[in-house]
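Lettered A, B, C, D, E, F, G, H, I, J, K and L in written order, each chain numbered from 1.
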Amino acid sequence: MADNVYRVTELVGSSQSSLDEAIRGAVRRASSTLREVSWFEVSEIRGHVEDGDLAHFQVTVKVGFTLEDTKE
Amino acid sequence: MADNVYRVTELVGSSQSSLDEAIRGAVRRASSTLREVSWFEVSEIRGHVEDGDLAHFQVTVKVGFTLEDTKE
Amino acid sequence: MADNVYRVTELVGSSQSSLDEAIRGAVRRASSTLREVSWFEVSEIRGHVEDGDLAHFQVTVKVGFTLEDTKE
Amino acid sequence: MADNVYRVTELVGSSQSSLDEAIRGAVRRASSTLREVSWFEVSEIRGHVEDGDLAHFQVTVKVGFTLEDTKE
Amino acid sequence: MADNVYRVTELVGSSQSSLDEAIRGAVRRASSTLREVSWFEVSEIRGHVEDGDLAHFQVTVKVGFTLEDTKE
Amino acid sequence: MADNVYRVTELVGSSQSSLDEAIRGAVRRASSTLREVSWFEVSEIRGHVEDGDLAHFQVTVKVGFTLEDTKE
Amino acid sequence: MADNVYRVTELVGSSQSSLDEAIRGAVRRASSTLREVSWFEVSEIRGHVEDGDLAHFQVTVKVGFTLEDTKE
Amino acid sequence: MADNVYRVTELVGSSQSSLDEAIRGAVRRASSTLREVSWFEVSEIRGHVEDGDLAHFQVTVKVGFTLEDTKE
Amino acid sequence: MADNVYRVTELVGSSQSSLDEAIRGAVRRASSTLREVSWFEVSEIRGHVEDGDLAHFQVTVKVGFTLEDTKE
Amino acid sequence: MADNVYRVTELVGSSQSSLDEAIRGAVRRASSTLREVSWFEVSEIRGHVEDGDLAHFQVTVKVGFTLEDTKE
Amino acid sequence: MADNVYRVTELVGSSQSSLDEAIRGAVRRASSTLREVSWFEVSEIRGHVEDGDLAHFQVTVKVGFTLEDTKE
Amino acid sequence: MADNVYRVTELVGSSQSSLDEAIRGAVRRASSTLREVSWFEVSEIRGHVEDGDLAHFQVTVKVGFTLEDTKE
């Protein structure tokens, strides 16, 4: 394995149903435009409340991917 | 939009079933006595273990709400 | 209640399905070899991504248990 | 000076004009309902953006006040 | 055990004699107005100096208590 | 409201005059190339000193914006 | 002095009387099973409240000891 | 550029008018006795409240300066 | 000097030989696609272990660069 | 009250008997050479272990004092 | 890949020559008694000074390894 | 061993070649003016980039030394 360089980008996934889905949403969105996404790390969990109930979970996720050679 | 002031109160929701339900429980409890609850932020995730299995998730949640004019 | 001493050990549970199951896995594994496990605390949430989707949740969990008298 | 007990409450002041005014707003609001407010500490600085410009500064402020004897 | 909700309030106890007494003072003061106080956590240790000697220990303590059903 | 995904990018605004202007500069710069910028969070306040006086405030700001569908 | 390797283990000492005794309890317990314990570091101070008064101080202590050659 | 060594000293600037002036005050005071002050970093924002209004902003500032050869 | 805006991007450099080379790798990679890279800050040091020995150092590095006028 | 500037210096007090005495020792030592010491803040609690028992508490204390006009 | 559980243990490697060697020392020592060590994370960098020069680098390293089925 | 008091001072060492040399530079510089320097702790790792390559490592180091009796 060569000495790779990875990049980390920060996304916030939101979901009305669960923390898990908020994280999955962020990971899938990152993977739709970035190749070689390989790990994530949760850095913050927040959310919105509407009409007395939890409306959205919002999870901040750092996503890491391998940088290819010609373009960051 | 005027220059509002919000207040933040800290609750711990607990649930035998999931992190999501522990958070929802804290948000609903706050909303039962406070009007205008609008956001939350998770600050700690802990729990109890009994008889070798997870008994309760306990999630510390900061809940923010708009202060009305006459009473804090 | 006497002045007990507890010990804290750090585990990482992983699950393909949910954060909850990753935490439960770590708690059960700790309880399989340690008696008197009584609480846990989540210190980090990470995971792996494969083929554009979330492959594993990995949750770092500190687990506390009562130390018995003759052996740490 | 006796051994007093103080209480800390957390507010978020907002202002369209400046960080200073957001903090002042939170301090004044706390003082309108609490006697003996004596110090504050900034714990977070955030804000909203609308139409490409900064719309509100939002400063989270912990406010400390002396507890009187009969009521928290 | 049902899925309770707890609330956390932050107090600062002060004492001329010791850290222990500053913490005890904050816990007792909280218990004088709140029922069901069950745990505390120290978040900051500070103090005043006068005439070249330590005048007061000031310990910031987060105190947790069970929320009863009708009133926060 | 659907389950959106947001992205967070980190900028450092600088200003010779004030913290407020350093933050505004970063927010405006982000908005000049990114649509749908909606919030910011200050993560660090630093600056340069020249000839015995403050020369620049430098404020690190995380800026969040909604991801549109076709391009990150 | 050779290039030693040390290990760090985390304990929670509890005491009804003082922070000092809670720390000493953790250090003595570690020393009863581990040789060459040489330093400690406090990472958290918590406790239990019962009947309106402080029941136990609980101090989380990281304890460091020299690893001997044949066994971790 | 040679391999310099810098020193960091911590000051608290106070101002009745603004955060900016509290920071400037600390930077100027440092520069009045130290040569070659070149950067600062804000580590804490606090203040005093008197008679229901903000009396002083107090900003803790770490100030860095080049160490000259003969004297720290 | 005008009131510039900088951007910060996060990379992870890896190296089989040293921490220094992992950092250099991340800095060089950033500079290959970004003009005006001017500073970096290390935020995390991790690595992989294979066959009982350290296989890769992985250093997370935040890299700051001046934003030019027409393109983020 | 004018807009004062304070300085913060960091000391480590040690004591064989208690945390309180370690803190008092640091405060008194600071006051023996610095005039106008007015507050302290504990930033770290560590200690040494010898022969299976706690030998010294070591408490890192930040001490703040008013800067007089002619000399830092 | 099944849902594994990993354990994390904390070691301090020391070296007279370099940070890299201190980390390698801790990783090798862990691998000498634990099978399946797979990653590490640096949590603290400290050291000793003797006779005016750096005597030892001391690097605290968290080491993660796969738990096998019968024994923690 | 008596109950000593230590002082901590913060320096930034810089080096074109390595992290190790930046740390050594700070430690040696501290030792050139302070007697009884006995430990250090790294609190930040940063650096400068010039012409697309790493120009200087800059390591912030807290250095502790025993206070002698007559002078801080």
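We adopt the following convention: a residue touches a chain if its C-beta (ideal position, glycine included) is under 8 Å from a C-beta of that chain, and two chains touch if they have at least 3 such contacts.
Nothing here was measured: the structure is a model prediction, and the numbers come from that model.
> When every step has to jump to a touching chain, what is the lowest number of steps that links subunit F to subunit I?
1
> Provide the labels of all chains in contact with subunit B and in contact with subunit L.
Both subunit B and subunit L are touched by no common chain, going by the contact rule given at the top.
> What is the size of the turn, to the nearest 5°, that moves the C-alpha atoms of subunit D onto the matching ones in subunit L?
The rotation relating subunit D to subunit L comes to 120 degrees.
> List the centre-to-centre spacing of subunit E and subunit F in whole Å, with centres computed as mean CA coordinates.
Measuring from centre to centre gives 38 Å for this pair.
> Could you grab the centroid distance between subunit A and subunit K? Build each centroid from C-alpha atoms only and quote it in angstrom.
Computed value for the inter-centroid distance: 29 Å.
> How big is the gap, in whole Å, between where the Cα atoms of subunit B centre and where those of subunit E centre?
20
> Taking each residue of subunit L in turn, which ones touch at least two of the other chains?
Residue numbers touching two or more other chains: 9-10, 18-19, 32.
> Identify every two-chain combination in which the chains touch.
Listed by label, chains in contact pair as A-B, A-C, A-F, A-I, B-C, B-D, B-E, C-G, C-K, D-E, D-F, D-H, E-G, E-J, F-H, F-I, G-J, G-K, H-J, H-L, I-K, I-L, J-L, K-L.
> Where on subunit K does subunit L make contact in their complex?
Residues 17-19, 44-50, 52-54, 57.
> Write out the stretch or stretches of subunit B touching subunit D in their complex.
Going by the criterion above, the answer is residues 1, 3-10, 62, 64, 67, 71-72.
> Taking the complex as given, what residues does subunit K use to touch subunit I?
18-20, 23-24, 27-28, 31-32, 37-42, 63
> Which bits of subunit F are touching subunit I when the two form their complex?
Counting only subunit F, the residues touching subunit I are 9-16, 21-22, 25-26, 29-30, 32-34, 55-56, 60.
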